[in-house]
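Below you'll find the structure I mean.
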Amino acid sequence: MSDSTTQRTGVWFVGARGSVATTTTVGLLAIRAGLAGHTGMVSELPQVAAAGLAPLDRIVVGGHEVADGSLAKRAEELSAGGVIPPALAQVLASELTAVDERIRPGVVAGHGSQRSAADRVAADLRAFRTEHDLDSVVVVDVSSTEPPAPEGPAALRTPEALEAALDAGEAPLPGSSLYAYAAFRSGCPFVAFTPSPGPRVPALAALATAAGLPWAGSDAKTGETLVKTVLAPMFATRALKVRSWSSVNLLGGGDGQTLADPDNAASKTATKAHGLEAILGHAVDGPLHIDFVPDLGDWKTAWDMVSFEGFLGTRMSMQFTWSGCDSSLAAPLVLDLVRLVSRAQSLGLRGPVPELGFFFKDPAGSDVHALSSQWEALVAWCARAAAAGGSA
Amino acid sequence: MSDSTTQRTGVWFVGARGSVATTTTVGLLAIRAGLAGHTGMVSELPQVAAAGLAPLDRIVVGGHEVADGSLAKRAEELSAGGVIPPALAQVLASELTAVDERIRPGVVAGHGSQRSAADRVAADLRAFRTEHDLDSVVVVDVSSTEPPAPEGPAALRTPEALEAALDAGEAPLPGSSLYAYAAFRSGCPFVAFTPSPGPRVPALAALATAAGLPWAGSDAKTGETLVKTVLAPMFATRALKVRSWSSVNLLGGGDGQTLADPDNAASKTATKAHGLEAILGHAVDGPLHIDFVPDLGDWKTAWDMVSFEGFLGTRMSMQFTWSGCDSSLAAPLVLDLVRLVSRAQSLGLRGPVPELGFFFKDPAGSDVHALSSQWEALVAWCARAAAAGGSA
Amino acid sequence: MSDSTTQRTGVWFVGARGSVATTTTVGLLAIRAGLAGHTGMVSELPQVAAAGLAPLDRIVVGGHEVADGSLAKRAEELSAGGVIPPALAQVLASELTAVDERIRPGVVAGHGSQRSAADRVAADLRAFRTEHDLDSVVVVDVSSTEPPAPEGPAALRTPEALEAALDAGEAPLPGSSLYAYAAFRSGCPFVAFTPSPGPRVPALAALATAAGLPWAGSDAKTGETLVKTVLAPMFATRALKVRSWSSVNLLGGGDGQTLADPDNAASKTATKAHGLEAILGHAVDGPLHIDFVPDLGDWKTAWDMVSFEGFLGTRMSMQFTWSGCDSSLAAPLVLDLVRLVSRAQSLGLRGPVPELGFFFKDPAGSDVHALSSQWEALVAWCARAAAAGGSA
Amino acid sequence: MSDSTTQRTGVWFVGARGSVATTTTVGLLAIRAGLAGHTGMVSELPQVAAAGLAPLDRIVVGGHEVADGSLAKRAEELSAGGVIPPALAQVLASELTAVDERIRPGVVAGHGSQRSAADRVAADLRAFRTEHDLDSVVVVDVSSTEPPAPEGPAALRTPEALEAALDAGEAPLPGSSLYAYAAFRSGCPFVAFTPSPGPRVPALAALATAAGLPWAGSDAKTGETLVKTVLAPMFATRALKVRSWSSVNLLGGGDGQTLADPDNAASKTATKAHGLEAILGHAVDGPLHIDFVPDLGDWKTAWDMVSFEGFLGTRMSMQFTWSGCDSSLAAPLVLDLVRLVSRAQSLGLRGPVPELGFFFKDPAGSDVHALSSQWEALVAWCARAAAAGGSA
């Protein structure tokens, strides 16, 4: 395989015209055009860049999308919402149109068999790789959050059972997992950027390992949970007893709308709650709300209230408010993950990459949630990658 | 020297009837009587306890104090202010009276020569050690914050120059440094719990090293700065650009009153600002206020507003409010530091112990400010201490 | 009738050992003993006191209660929770025991017929009035919040239908309404301090008017809603467009537990939402959460986030956090309402007193919600009462 | 005089290219072009519009300015800062240029005598009125805040003393007062939108009355103080005792820079503190900070912390954070005040108009600070104006 720092890398979005994919695409083009800097990109920090990562100017964007519209129009909308500087959407309009032409129709549940849908997705991935002469294509799921996968249907337990079910015309896979299946079948690593099941059903995890492919997930931590995973270790290492931790997330964007459905939100609240308990070592009381407030647009306001006990039982509290733009926070992490997962592939790694837990609320292959520990694991991994040099 | 886990340790407070010393004393007695738990005590966490620390039931308290009054009365006041459970103050009244009898009059600036004052303090320390058969006496400065030490008067540059100045009847030492001088002269380690100069003037740092004594400081981080040193690394490792960080501290207690004097506050604002700049790698705009609001009593409310920039220049913000009781947060750390510095002494360490930076806003001997890194350094130190066993 | 300012007034609590009733009782006794001031008592402000109100030292407390225990013990618990100064609970213990002896067993749903239960309650009220030679007995419902009353069963439409249903052995009345029925039957005014239906079913409203009795309600506004009803008029009169208003209420006390049941919370969220819409003149988006967080004890923390639009569509926001003790905020209002409703009775008023809307989230007989307008209506009413003099 | 609702009105800005004047001008043009609505304009609420106010499409803008640049460029800058929608600045560019041509060079202190400067300003005002055939020209001071006027120099005590001093070549007038002098001399009413002295020196107040001219001021309340004047009455009418009220204002704009100079800030902090004390009836402890944080641009974040006491001495607290855009909040009030002061002139009123206190932190001619009371006074005044009809 070629030197990692000169390799041509493809990003294939599931949900290619969503807010996160659009912001990522605009950002990539803007950086390449010298119109934007690297703020928010972890992979440009020297400790991470040291790993020898794919250059941004050799990344090609494609993807699947079920919705109509165009990237240029989505960019304008995001620009009106304050996510993207207005000038960028205008200047990059023609380049966005070029990307648009690489976006293929996504899979709509219930239209045709899952076998044929997966075959089509895999064919799209192979065609993309060939057409653009790519060393690696990383599939990134940034589509709407799905409900948690049902517990253990037999068809999802092993690759063999899964193949048999698909052959039999069954449709056992959640939508996100269908894409992960197609990715692994066509030799592509996968990034589960949302809490959707994706590659985390046992049959697919086994398939990735068998295929020698790395993957990373799930559910990027970009805001309130990010803050939690630095505050909780503070309480823990200072021996302060957290008594309740109440969280409210007000979201206006498409994700907010999806999460207004309690079934979908179940995935999110589950991954959000994981970290706190893991870090503190005990369950913590307090509500965790995710509310859709359309008026907020692409922005999110989260409020957390922590009640804790100190010496001699004295009761104290801390509150924080986070006012962030989820797409702005997510987009640079997408670029980071594409570069890092692609690097993992060039190093011959297979299965979940636990050292990428730094990016996720529910880190696959890891039970470390404290951000500082995750950072150190990531930096150490990058140093090992640096030592491994440019070829696998 | 005896096994560290059976040794008899003295705590000698400078400011023995202040809020922190009183809360520490009440807490120590309460824990010993089985009336309180260890919440807030870092030295009871397994990773730290592993170092082999002095048992709490062999710690004896004494100290100097310039103010009148009694510990029992101070405990009642703190109890009215919600710092100490009312029942404790009552139940422990007679034990507090016993401690009170070990408190000696503090040094009042301008009354007599610094030479004679230092001699008297040193004699008090030696008498305390002898009378109670203590293996180690740790002097802890919890008295009111002094202004920053003047830049480099000749008399404070070397031990020799200092001795000559004292012999000549001069009074070159800030109050806190006079106590550090006496401590080092009588073989006692020192903890600079406040931002006052204490052992940090060059002559005294040299004296401690020459005397083979460890010390730790300065300015315990117990609230807003503690939070800053976990949040700032989050922004840094996520490549988010902090544009301004504004801080307001409303304090009602004695420390608030002291800090209402801008000269005294200068020490505090300096140590509070250190960490942020060190972690982020650049100066950050924004005010840092410390205000005396008597109505708040022993409590403190701090509000911080962080304005930061993400991908494509998007501007976001985070705020937090910390509502804490400074004495409750400080007292268990005093016990931790006494045990850890005493352990450092038993290990034969001399000079500032950088691994105790975890406890301080301005860590002596270290430029590490991120709490998680400080925690790891502390845990590693404790592991080494464990390996070193019970005798130096 | 006697001069209002010398009259002997009874307070009869429904829920006489709950947090609000206990705090009110302790407070009344403490003020009378010179151990506490009038902070929080609206009826001691000169504009309200002008109405000529019953003196506090002639108020006698009694009530119904379904729970076991004693007022003295409840006072101790409230004292541990920071609601009542510890010393008060101790000093007033014997007086509390005297009140305890006047507390009768409350009505338990399903035990016996509603007819006989109502007769027993009415008998208790008459006995209390006679025994203590009271000019007026005001029944105050401070028991747990019930679900909203079912829409219009025939039996609750008119006094006649209600009597017939009770005669027929039916149980058409919600618990709170049964007490209101008994109150009106025995000549007692009523205060609906909670959002429970109480006197607001049509049959009872008609009964009160027929009996010549005044009443007031519902759902005292003591915290977050209070703040809303001063902020919303600010936005309205400044022509700023409120786009969303999100509210979170974290409650630890008994009321929190009751409200954790969505059926019961329905009453509360309904009355909390009324005011905002009435003041702004349009529905407002945004969640309204009430969460039970046991750790908070008798305290409540509410967080509100208001997103609004200004000139040229500029989007701005405001947040507030309210940290209050509900029982402390409620108790003085109970005393105020007892005095004011008793005064309304002495003035010969009948039915809901709209000018008491100042105290309530869902003001009976009024659609005014802005606190300042309610205050002016109250002050004007008191001025009229003053002019009317001491007898009806 | 013509019917107030058809009259041609001039606005003459002192500081015509500042943020507030530019936003006001853009807004006026945008509303006239049907590109923006009336959000934020009090004078469009029916209770106020009832007064019979000058139509927006007959308002002509002019002004003085000491700074170079153009309105179109300032509009672009404000658009980049999120104050003005980007499209507006572009669409209105040519109209802004037309306004620009009516802007005259402002008075620079120390250049020439105050007598000649005042004559020039007055000549500019008369020329503007004549050239545009205006019924009324209202001078509005939106220039940078000046320090408080020195206490009572003789020259500022009476019109006669002032004239004599000017004749003698002295320069007794603060800059803002020089403009007020010229306004009154040329028959123009005046709005003191900032805390600068303006018309509030005794000689000028007397001059306005003698000239039969109305004026309004001072220091528009647009954010944190606005909120204070609705919250403070809530505490007062609920008999809750405010123990401390701490305020922090972080400002990034030009006003922030001006106020970073403590001399200038003195005007602001004085007017901000007035209201609270007046409403609560007693002085309140707590700091009041105004900080310049350039990073915040045209935006402001204020944090307030109120500590209060309830029944039985229970201590509670409330915090709020206000995130607003000062220019957006101020601009519609400028249009309101121009229309209302012009109406006052048509009604023949002279001197300060106390009923316009609704708009100000330091209401001239009034000691009412509670917003709701101010609103009622304004509405009543408008009703009287309506009754008075279209001519004075």
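Labels for the chains are A, B, C and D, by order of writing; each one numbers its residues from 1.
The rule we apply is simple: contacts are C-beta pairs under 8 Å (C-beta built on N, C-alpha and C of every residue); 3 or more make two chains touch, one makes a residue touch a chain.
Everything numeric here is computed off the predicted structure, so don't read it as measured data.
*Asks:* Kindly point out which of A-B, A-C or B-C repeats the B-D interface, defined as over half of the contact pairs being the same residue numbers.
*Replies:* A-C
*Asks:* Looking only at C-beta pairs in contact, point me to the busier pair out of A-C and C-D.
*Replies:* By number of C-beta pairs in contact, C-D is the larger.
*Asks:* Report, in whole Å, the distance between the mean C-alpha point of chain A and the mean C-alpha point of chain C.
*Replies:* About 51 Å, centre to centre.
*Asks:* Report the inter-centroid distance (CA atoms only) between chain C and chain D in whole Å.
*Replies:* The answer is 44 Å.
*Asks:* If a residue has to touch 2 or more other chains to count, which residues of chain A qualify?
*Replies:* 82, 317, 319, 321
*Asks:* Would you mind writing out the residues of chain C in touch with chain A in their complex?
*Replies:* Where chain C meets chain A, its residues are 243-244, 246, 248, 250, 285-287, 289, 291, 293-296, 301, 303, 305, 307, 317, 319, 321.
*Asks:* Which chain A residues qualify as touching chain B in the complex?
*Replies:* Chain A reaches chain B through residues 23, 26-27, 30, 36-42, 44-45, 82-85, 88, 226-227, 230-231, 233-234, 237-241, 309-314, 316-325, 328-329, 331-332, 358, 370-373, 375.
*Asks:* Give the list of chain C residues in touch with chain B in this complex.
*Replies:* 82, 86, 321
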